[in-house]
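Think of it as A, B and C in the order they're written, each chain with its own count starting at 1.
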Amino acid sequence: MIGHLPLASFTGAIEFIFSPQESNVTGGKKVGGFDKSMELLIKHLEVTVLALAIALVIALPLGLYLGHRGKGEQLAVGLGNAGRAIPELAVIALVAVLIGVGLPNVAPVLAILGIPPILNNAYVGVSQVDRAAVDAARGIGMSETAIIRKVELPIAIPTVMGGIRSAAIAILATATIAPLAGVESLGDFILNRNVYGENGLLAGAILVALLALAIEGSLALLQRRLTSDGLKVKTA
Amino acid sequence: MGNPFVLAAGEVGGDFFKERDVGDLCQAQTQHVFCFDWARENIDRFEAPTVQHLEIVIPALVIGFVVAFALALLAHRTRWLQPPLLAATGILYTIPSIAFFFLLLPLTGLGRDTAIIVLSAYTLQIIYRNTILGLNNVPAAVKDAARGMGLTPRQILWKVELPLAIPEIIAGLRVAVVSTIAIATLAVLISAGGLGTEMYGSNLTFPTSIIIAGAIVMLMALAFDAILLLVQRLTTPWRRAARA
Amino acid sequence: MSEQTASSVRYEEATKRYPGASSPAVDELTLEVPAGEICVLVGPSGCGKTTAMRMVNRTVEISAGDVLVGDRSVRDREPAQLRREIGYVIQQIGLFPHRTISENIGAVPQLLGWKKERIRRRSGELLELIGLDPELGDRYPSQLSGGQQQRVGVARALAADPLVMLMDEPFGAIDPINRERLQNEFLRLQAEIRKTVLFVTHDIDEAIKMGDRIAVMREGGRVEQYATPAELLMAPANEFVEDFVGADRALKRLALMRVADIDLWEAPLAFVGQATGEVRAKLDSPAVEVPFPLLVDGERRPLGWLSERDLAADVVPGRPDSPLGPVLELDDVMRDALADLLQHETQYAPVIDRGGRIAGVLSVEIISEFLGSPEAKSDEHPAVERPHG
């Protein structure tokens, strides 16, 4: 196995992303290239978005509802803490062995990693909304669901979005080892060393890092757009 | 496409089946979710990876804490540093550890050192942000009173601000500790050992080992979390008094 | 207690300029506060009163001019050392939430390196002085009510027996009933300890109640008038002061009123030989507005005011510590009554009926409140802006 790679390998890795390259294990065959990189990048995004969507559909309404009622703190916060302790490698490995490989099996399992932060932050965000604002909303005759949608959610946006960002990054990171359970992603470059070689290994790492930063950046921008100007003043 | 994990299994745990004759204990072991006979016979084999896991996690956390704490104190005194430091630690936090491991290969190579560097970089953001948060949450009136009573800036920091920031600092540490213990399983990918060695490799088809290793990871996280919670209780008696 | 318990404070053309501000926050302030007196700095928000106060302990640095505590310039002092000699009480109290009440009170002595035993004794003494159960010493601030917390704030400021106390709207965040009680407690305390106190407030009624002297300030820390409370009401130096104290034309109405026309305060009465415990209980009632009990004879004729020292005995003594001062009658014209208070430099006086029996207490504060009330103001006069706490 590879020990120290020379610093120059970064150049090789960047070339690998843009045009097919020979590598140390390919025996003269050229692998990688822009089309392949994009194909895997899009597949990586697909898994991530699908899993995040599943996590959102389950955790967001539940977290908002529990926060609104001020109930289930144990469940929401406890799950949030316990969720961080789950080793993603074990999860992916177990899915492959016990449930089966492929997207339909892996996406729901990746979603499980996204549920705790979303649930926890939705709960905390909504339960910390000033009760006076909620009382006022009730006082002017808003229904409970309208209170959640029009008062609590907008005020809790920074916290709620924080949870979604954590979930997105956790899912995206774990999608990197999804190839272990038969789902293609940028992780293929990293894990299939005897196909893509050292160049592919580093190229995969670079692409995963950039993708994570891009997703995080976009979600941060989205959060800014969604946050009312009235709430921005106090953020330090 | 072939089965990627078979291709990837490569060097790390390839000798697993040769070493341990699983078949004797659990016939048709792939159909067993959990093979108690094997677990009973082989529990010892988890000792070394557990120790290795701690040897990665503890130094990473100590380094992460010392650096993040120092950065937070620096940014507390030099306010304009707060946003750039938050952004910088945020980038380190966002880069998935698995990518980070391999990005460091040309610099630090395979092994434990790389794992420790990546994991401590990962913890910086959580600990830094919470320490700053804790320091910023100290009521202005308390600082004003302290200053007016003749505490020097150093005394205000160490006797007033930091003690009051303990709950936030420990909250950050708890998140960092639990996440780091879980993520350290990935260290197996760069031959740094740890409990990941019992989850990844040829034994991917043997769930009992994965389950035991996963359970040890989670128990370890739980134990560290409980210790930190206890430390917080002991160092902040005034918070319990407030609730009583 | 050491020989010197209070120092004078002297502002000499003290100026504070904030960078970027067009005009100084405090412009060449000159003011002398005699040792042992309460000087209230009062004025609308933004007039520089807090800035002026904070120059004394250098929590605001002086840009030009000087402030002397005793005869020493604060500019020559190391700030932390200086602050340990000056008590500091602020509106938000700022108790250390992570320290017990005793530790809070002992904070400055600890900085000064007192021995543990001495700090413990001092904390106990002060808890007693401010009327808190010594058992509360082991509690944390969050376990005390707002009023109790501010009592502790005052005790903490007094712990190292400071020469000067700075109090920045100390009772501003307390509900009105408790505020009244805390003000009275502090006045009783002050009668004992005789500290030099700089007291900042925007509430003219509080200023009149608490101050031996009042400096009415306006923007730039300019002192419009520096006088005793009664003088301020009788002879406001200019229209600003007149408006601020609400004296204006309503003052003239005082010439047409008699003492009987105004609601007097009920005096907390004490009888010779009565148990002092009973008297104290009466003082603690929220309805009581006069901080000191009035000693009367069997016919309820006033004999004198009881001091804290008188109350230290088991029973009320026959000869009170403090002289009676002026005595007013229900038939007196209000203006004359106020002049009487002014002349005697006192805040309040007992009022007797024709039979010489006590009818109530008249105070400068009552008059001030009356002058600020709508009934005292004529319609053609625009309402004076009176900031509320």
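Things to note:
Definition applied: a contact is a pair of C-beta atoms (placed from the backbone, for glycine too) under 8 Å apart; a residue touches a chain by one contact, two chains touch by 3 or more.
It should be emphasised that the depicted structure is a prediction, and the values quoted were computed from it without experimental measurement.
The touch graph of these protein chains is an open line.
Averaging Cα atoms per chain gives one point for each, and the point farthest from that of chain B is the centre of C. Once CA atoms are averaged chain by chain and compared with the all-protein CA average, the nearest chain turns out to be B. Mean C-alpha position of chain A lies 19 Å from that of chain B.
A separation of 57 Å divides the Cα centre of chain B from that of chain C. As a whole-number value, the distance joining the C-alpha centres of chain A and chain C reads 61 Å. Those residues of chain A lying in contact with chain B across their complex are 1-7, 9-10, 81-82, 84-91, 93-94, 96-98, 101, 169, 172-173, 176-177, 179-182, 184, 187-188, 190-195, 201-202, 204-206, 208-209, 212-213, 216, 236. For chain C in complex with chain B, the touching residues are 57, 59, 79-86, 88, 90-99, 107-108, 111, 139-140, 142-143, 153, 156-157, 166. Those residues of chain B whose C-beta lies close enough to touch chain A in the complex are 1, 3-5, 7-8, 10-11, 30, 33, 82, 90-91, 94-103, 105-107, 109-110, 136, 174-175, 178-179, 181-183, 185-186, 188-189, 191, 195-196, 199-200, 204-207, 210-211, 213-214, 217-218, 221-222, 225.
Those residues of chain B that touch chain C in the shared complex are 139-152, 155, 160, 163-164, 236-238, 241-242, 244.
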